[in-house]
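We call the chains A, B, C, D, E and F, going by the order they appear; numbering starts again at 1 in every chain.
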Amino acid sequence: MTLTVTDLSVTRGALPVLSGVSFAIVPGEALILRGPNGIGKTTLLRTVAGLQPAYAGSIAGAEDQIAYAAHADGLKPTLSTRENLKFWAQIFGVKDVTHRVSEALADFDLETLADRPAANLSAGQKRRLGLARLGVTGRPIWIMDEPTVSLDTSSVQRFAEVVQNHLQSGGSAMIATHIDLGLSGTELDLTSYKTAPQQLDDFDGAFL
Amino acid sequence: MTLTVTDLSVTRGALPVLSGVSFAIVPGEALILRGPNGIGKTTLLRTVAGLQPAYAGSIAGAEDQIAYAAHADGLKPTLSTRENLKFWAQIFGVKDVTHRVSEALADFDLETLADRPAANLSAGQKRRLGLARLGVTGRPIWIMDEPTVSLDTSSVQRFAEVVQNHLQSGGSAMIATHIDLGLSGTELDLTSYKTAPQQLDDFDGAFL
Amino acid sequence: MIALLYRDLQLAFRAGGGFGLGLAFFLIVVVLVPFAVGPQSELLARIAPGVLWIGALLACLLSLDRVLALDWEDGSLDLLATAPLPLEAIVTMKSCAHWITTALPLVVISPLLGVLLHLPGGGYLWLVISLLLGTPALSVIGTFGAALTVGLKRGGLLLSLLVLPLYVPTLIFGAEVARRGAAGLAVETPLLMLAGISAASLAVLPFASAAVLRINLR
Amino acid sequence: MIALLYRDLQLAFRAGGGFGLGLAFFLIVVVLVPFAVGPQSELLARIAPGVLWIGALLACLLSLDRVLALDWEDGSLDLLATAPLPLEAIVTMKSCAHWITTALPLVVISPLLGVLLHLPGGGYLWLVISLLLGTPALSVIGTFGAALTVGLKRGGLLLSLLVLPLYVPTLIFGAEVARRGAAGLAVETPLLMLAGISAASLAVLPFASAAVLRINLR
Amino acid sequence: MELGKYADTVLSTYAVSLALLIGLVVWTILRGQKIRKELRKIEERGHIDG
Amino acid sequence: MSFWEYANPRKFLTTSERVLPLVWGLAAITTLVGLVWGFFFTPDDFRMGSTVKIIFLHVPSALMAINAWFMMLLASIIWIVRRHHVSALAAKAAAPVGAIMTVIALVTGAIWGQPMWGTWWEWDPRLTSFLVLFLFYLGYIALWEAIEDPDTAADLTSILCLVGSVFAVLSRYAVLFWNQGLHQGASLSLDKEENIADVFSNPLYVCMVGFALLFLALVLYRTGTEIRLRRMKALIARERLEG
């Protein structure tokens, strides 16, 4: 399923942040978002994931296809690693919950930590668990916001392999990151889409 | 006033983290702490600042001499930049509050933002305000925990200048950082002070 | 959906989950009342149904800030919103979990506390029935309030201010049932009204809560 | 020290500072009571002093989680602890600010709410006096509880559990003064006890709170 | 003008109500002026630095 | 030109600026005339004595208290359906006015109750409903205050207004069921004494119109203020975005 974004404008706090963004992600491909702090990467990802409405433009092929991994991992500290994953697998209604969970645990080298409460994981381990969550959703399009924060080098490599496997099996991915992941994928620099400041006296319905 | 630390051991969550740390900081000098994530820099700084008791060893010359800048800046979002600084100046009981505050604002190029509520500052601006706070305390020893997080290059330079001035006027500083600040100062790598894991069967009062 | 309910229950029963805190609060409020109004048993008996209802209501109220805010803070709510479940189902499950972990124990323990307040003999049955019928409305309305204040820091007191006026009809009819029951009067009319309010709240408010949550998420 | 008090007041009065929410909560609780126990004015008059005391106590209680937790979260507490002020002075100022922003308005408005509950004529004076004498104890005890739970997420309900039992003596003597005042009886003994509790709490608890805070900071 | 034994009652209602109404109007206008001024300041600032 | 064009903030500001002096003037004159007429030039009622003069404050403020909520409800619905910022801000502007009107009705009623019923307060359904209405106003205002983002605040408060309205009506029925009242209904109403009804009702009508005009003036003016505040916030946010 191809994700097609046409002429998208996104807003943050009612202010347009990016405008005229267009791209398409076909299965097997990854799109890597680049741009300085505050340019609007997170905002764009949230819009594509359907968490906030687009200000203008259209998003096609996203409905029920997307697994989103945000800055926060959505883990419950008192549940164990396995229980956390199992919960998300059930929520996304995949069929072979146990199998998928153990696969995801293996993917991110979490087996030895499977029965530890998430509260006792280090920051990097938590992040790995948050990424493992993507695998148990069964969704083809992975949207990730700075996935490698607080990961050490070997974990970053492992992560890149998992994404590569996902792409090879027909999935796709959209990743905002500041570092080089060693992934083959199209890069999209958002700097040029920054919304130009409008005239100050353009005092219309939206106040700007 | 010289800050002298002798054979200090620090603990975090009842576990010893660093042990046998000794150093002295004479006026006009800066000590720069180095070491990987989780080695115990924050813990050491908090101990020296008197926020937690030392497990062993002694700290001399710290009493009422220290201004501490932590990861969090202690700013009130509804107070303006100037009001925030003024509050801290008053708390530390300096005499010429207004003068010091305007000096600190100038030091970190915050004059244009002086009347904006802190809530409306960007992350980097907030950080600058947090550092400006050190100047209004009138304390000679500045202890800073990763002061340059979220600062851009020009602000980092400005910060280094301010610290340099502080040193020249007889102050001293202790800084934990991962980057090169361009400051002349002694470096101290904490890696070698890491507490060796103790025997598990050493089952004493502290359970470790 | 069941998974969500199950997880919420599991979390509530684990350490730090807050199960039992509402119960303890209920107990303490009920114990404080005789200290405040004096120990005459005849007076206590008269106000017992009302006090029990208010205590239950406050205990429900004060546990509301855990319903959605924790999931908001750790990012679960964002992820749940992208899950295949409709947000309406999610908030309904959340209300359900709140009812099971907070309101149901209150209902169960209320006769015991009735004894402390010298509730007259006939009142116990109707007290339990009225709480059983009324607390679902409290949970659903409360979830709506929790959705409104989910993004706010320390929004507890504001939550109270928003939710308590909405609790008024439920409280009036619920306490009326309990009071009439204790006095041996007919309870049909208020009982019907109470059931009606609960049913209507259950049917309508999840949509409002989901809408509110969607607004807060964006 | 004055600067700290001044800042806390300033924060409370700015938008989002929560000033007035405690007041609103007090008002709502007092309004809910007649809904729960019925509108007979003679009954309401009898329980009025007790209800007003419990309402004021709960309003105090629910605003406690702002006393220290906000300063903890944004790091101010760490910085205050390294300031030249002793921690004892800091917690005292915090209690003071809580009393001024939360308890004092409650005291001022209580006669008005007394009207709603048909408090007998002679009761107003003693109600206000008892609250004026008792609320400082509530603030100081509450600050102690806030210091205990400062590092916990959503610790509101736990805070209530810790603090409410500590409130019992204050409540007993305070409500007794108000009740006797309303009934036209002698109030000296409970009044003295109330004053004693307040004075003792003010003298001792700041040290305990500071100690607890020191432990929580490290 | 004779209010009889209810003079206190009537006068106090008028006093309270008028005080509230006038307070409301004054507050409204003061706040309006203040915000008008602040907005003007910000708009000018905007024009200066583009 | 369509009515909705006034929903453009700039258009609203210029138009309201033009009509506001007129509305303020009319409101002041009508209210003053009504109150002076009512206070100085009406006879005492045969059973209420001079306290009948309270009616000229009590009834108009009670009316406006309810109407203000209706207006907020309407404005909220318009905001939800058509998303005109001005209507959301008008609802925000009206809330404190409505709350103050409620307070006036409550206070005048309470003071009136002392000589008439021998008590300051009675848990009569009408009075109780008013108290509950006041609580709804408080909650609504507090929610506006608490939320940073203006559009989010507008959305949330309008949903609260919708849900709150339903529960306010429910509360009214619940309260009626809970306690039968003392308050003057039509039975004790002044209209029964037809010969003196006009003496009281004419100035009363003038007062009602005066209060309505005053409400209009206040809401128009305050909506303007809210629009400026909203623009100010937007400008500050944009500065932050650029700088």
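By our rule, contacts are C-beta pairs under 8 Å (C-beta built on N, C-alpha and C of every residue); 3 or more make two chains touch, one makes a residue touch a chain.
The structure displayed is predicted, hence computed values, not measured ones.
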*What are the chains that chain A and chain E both touch?*
F
*Once chain C is fitted to chain D on CA atoms, what angle does the rotation have, in steps of 5 degrees?*
180
*If you average the Cα atoms of chain C and of chain F to get two centres, how far apart are those centres in Å?*
32
*Cα-centroid distance, chain E relative to chain F, in whole angstrom*: 15
*Chain centre separation in whole Å, for chain E relative to chain C (CA means)*: 41
*Which integer distance in Å separates the CA centroid of chain B from that of chain E?*
48
*Of all the residues in chain F, which ones touch at least 2 other chains?*
132, 135, 138, 142, 146, 178, 231, 235-237
*Going by the touch rule set out above, which residues of chain D reach two or more other chains?*
15-16, 21, 24, 28, 35, 38, 73
*Multi-chain contact sites of chain A, meaning residues that touch two or more partners*: 38, 197, 200
_chain C-facing residues of chain D, complex_ = 18, 21-22, 24-25, 28-29, 32-33, 35-38, 43, 46-47, 49-51, 53-54, 57-58, 62-63, 65-66, 69-70, 73, 153-154, 156-158, 160-161, 164-165, 167-168, 171-172, 175, 179
*Inside the complex, what are the residues of chain C that reach chain F?*
144, 148-149, 151-152, 155, 158, 161-162, 164-166, 168-169, 172-173, 176, 189-190, 193, 197, 205, 208, 211-212, 215-216, 218
*Would you pull the chain F residues touching chain C in the complex into a rising list?*
132, 135-136, 138-139, 142-143, 146-147, 152, 155-156, 159-160, 162-164, 167-168, 170-171, 173-175, 177-178
*Hey, which residues of chain D end up touching chain B in the complex?*
2-4, 7, 10-11, 14-17, 71, 73-85, 217-218
*What residues on chain D touch chain F, complex-wise?*
15-16, 20-21, 24, 27-28, 31, 34-35, 38-39, 41, 44, 115-116, 118
